[in-house]
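Letters are used for the chains, namely A, B and C, taken in the order the chains are written, and counting of residues starts over at 1 for each.
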C-alpha cells in the first residue's frame, strides 16, 4: 500500500505546487485567490488570534448535534422499520427520491415553527442526514444472517438485547457508512442555512468575507471546513475498514 | 430489494396520500403565515405554470441542468472507465475521489463564483461538481466488477480493445453505471438549483431564493412542489429502468 | 426402569402457511410420535425437504407445532427455548465481530456464575475443542471446520442436557467430517448429554447414533427407527465392521424410495 500512497502525496503536492505557481505568477489573480501558502498562514493566524473561534465553534457544534440526532434517530427508526414490512415498502419510494427534494425550501417554515435560534438549522442538518443513515442501516440489517438471530433466540435473548448484542454489532460497518454520509450532510445543512440566513457561524463569515472581497478570511475558513470534514470522514472510514477486515471482508 | 407486499405503484400512492394528509394537518396547525394547503398550492402552481415568466425561468434552469448533467456524465464516465480499467490508477486516485465526495460542496461555492463569475457558467459548474463524483465512483466499481470470464471470452473471440469495451464491458457494467447516473441526476439537479439560488438572477432556483427573501409563501410552496414532483418522478422512472437493467443481467 | 423421556413428541404436526388460506398451506411434518431417552445419541436421516430441520426447530422451541405436544423433561415447551438445550446450526453462526473467546463467553452471558467459574468453563471448552491456540483470533481467520468448533464450544459452555445438531458438518469435506464425528462422540461421552443429530449422510448417522430415525418425503413422518447397538466407546473405526454395512444398507432401503419421491419420480422405485 505504500506505493499508491506515495503517488497520491506526489499528485497532491503537484497540484498544490501548480496552484502556488499560478498564483505567484499572477495567472490566477490575487482577487480570485491568494497563493496556497498564504492561505495556510492566514488560517494559522486566524486560529491563533481566536477572532473567529466563536463562529467556528458554533458551526461545528451545531453540525455535531445535527449529526448525533441523525444517527441516533436514524438507527432507531431503521430498527423499527425493518420489522414492519409494509411500512418499509411504503417508505421505499420516499427514500429513493429523498435527496432530490430541495430541503432548503423548508427553511422559512422551520423558522416560523422553531424560532430564530439554532434549532431550524440543526433540524435541516438532521433531516438531510437521517435518510442516509436509515437506508444504510436497513441495508446492514438485511445482511444479518438468520442463523445469528436464531442463535440469539437459543440463548434466550429478548428483542432489545438481541438488537444491542447481535443485530447492531453485526450491522455496524454499514451503520458507519451511513454515519459518514451524515457527517457531510449535517455540515451542508448548517453551513447552507448560515449562508441563507446570515445568523452567525462559519457559513455567515464566509459569505460576509466573500461580499467584502476578504479572501484572507474566506479561503482559510473554507480550507478549515475541508480539512475537518475530510479528517472525520477518513477517521470513520478507517474504523469501517478495520471492522470489515476483522470479518475477512473487503 | 423488491417490495413484497403489493406493487410499487400501490406503495407510492399510499405514500402520496399520507404525505398529503400530513401536509393538510400541518397547514391547519401552522396556518397562513408559513404554509398553504395542498389545494391552494396546486391551484397557484397551475396558474403560475401558465405564465410566460415561468416558462422563461424554466428554460434557464433546464438549459443549465442539461449542460451540467451532460458534463457530469461525460467527465464521470471518462474518469470511471479510465480508473476502472487500471488497478494502479484506481489505487492512487479512488481514495482521493472518495475524500472529495465527502466534502460539503456548498463550501466551494464562493470559490466557483470567484472563478466563473455570476451567471450560467457558475451554475453549470455547481451542478457538475455535485454529479460527477458519484458517476465516476459507481463506474469505477462497475467496470472493475465485470466478470473476468467475459473478458476472456472476448479475447478468445478475437475482439479488438475498443470492441471489447463497447460490446462487452459497457453492457456488462451498465446496470451499475446506471445506478451512478441515477444518483448523479438527482445530485446534479440539486447542485444546479443551489447554484441558481446563490449565483444567478434567472432560473427556478433564483425564483425560490427571492421568494424566500420576500416571504412569498405561495410561490415558495408552489416551486417546492414543482421541483419535488419533477425530481421525484424522474427518480422513480430512473429507478424502475435501473431495476429492469439489473433484472436482465441476473 | 421407567423414566420420563428427555424429549417427547406426541402427534406433532407442523404446517406452514403464508397467508392462512388452505391453498397456501404446506403440510411440512407429521404426525410424529417420538421419545428420546436420557443420554442417547439419536440421528435423523431423510430426503431433502422432508422436514428434518423443522423437526429440530420444534424440539428446540424455535418453532411451535401446529398440532400435538412437544415436551422437554416432562414439561411442554410452548415456543420458548427451554433451559438446558443447546443448538448448533448448519450455517456458520459464529459472531464475526467477537474473538473466539468472546464468542464462547457469549453462551455464559445469562448464567449466574462467578467470573472465576465462567473463566474456568471457557478454558474447558477451548481445550475440549482444541481452540486454545486460537483464543484471541477472529472467526474470519479460521477455517470452516474451526468456526463450527467455535459454535460447538459456545454451546458446550452452558453444559446443556440436550444438544441439537442441524447438519453441523454439511459444509465440510469428508475426511474432516469423519474426524469431527469422532470428536462429537468424545463430547457426548464426556458431557453425558442427549444428542439429537440431523444429517443427510447415512454413514455419519450409522457411525454416530444409538438409534436412527428415517423420515419419509414431505410431509415428513418417521417410517423406521433403526437400533445400531453400538457400544458407548465407539469411534470412526467401526466403519470397517460388517454391521456398519448392514445398517447403512437398511437405511438406504427405506430411504431410496422416499428420496426418489422427493425428487419427483414417485413410483419409479422397485
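Assume contacts are C-beta pairs under 8 Å (C-beta built on N, C-alpha and C of every residue); 3 or more make two chains touch, one makes a residue touch a chain.
What you see is a predicted model; the values in this text were computed from it and never measured.
Participant: Taking contacts as defined above, which has more of them, A-C or A-B?
Facilitator: Between A-B and A-C, contacts are more numerous in A-B.
Participant: I'd like the most central chain, judged by C-alpha centroids against the all-protein C-alpha centroid.
Facilitator: A
Participant: Among the chains here, which has the CA centroid at the largest distance from chain A's centroid?
Facilitator: C
Participant: When the centre of a chain is set as the mean of its C-alpha atoms, what distance in Å lies between chain B and chain C?
Facilitator: Going by mean C-alpha positions, chain B sits 53 Å from chain C.
Participant: How many angstrom lie between the CA centroids of chain A and chain C, rounded to a whole number?
Facilitator: About 48 Å separates the centre of chain A from that of chain C.
Participant: Taking the mean of the CA coordinates per chain, how far is chain A from chain B in Å?
Facilitator: Using C-alpha averages as centres, the distance is 19 Å.
Participant: Touching residues of chain B toward chain A in the complex: what are they?
Facilitator: 3-6, 8, 11-12, 14-15, 18, 30, 33-35, 88, 91-93, 95-96, 98-99, 102-111, 113-115, 183, 186-187, 189-190, 193-194, 197-198, 208-209, 212, 215, 217, 220, 223-224, 227-228, 231-232, 234-236, 239
Participant: Which positions of chain A touch chain C when the two form their complex?
Facilitator: These residues of chain A touch chain C: 145-148, 150-151, 153-156, 165-166, 169-170, 172, 243, 246-249.
Participant: If we count contacts the way the header does, which residues on chain A are in touch with chain B in the complex?
Facilitator: Against chain B, the touching part of chain A is residues 3-4, 7-8, 11-12, 31-33, 85-86, 89-94, 96-97, 99-102, 104-109, 112-113, 180, 183-184, 187-188, 191-192, 195-196, 206-207, 210, 218-219, 222, 225-226, 229-230, 233-234, 237.
Participant: In their shared complex, at which residues does chain C touch chain A?
Facilitator: Answer in residue numbers: 60, 62, 80-81, 83, 85-87, 89-93, 95-98, 106-107, 109-110, 138-141.
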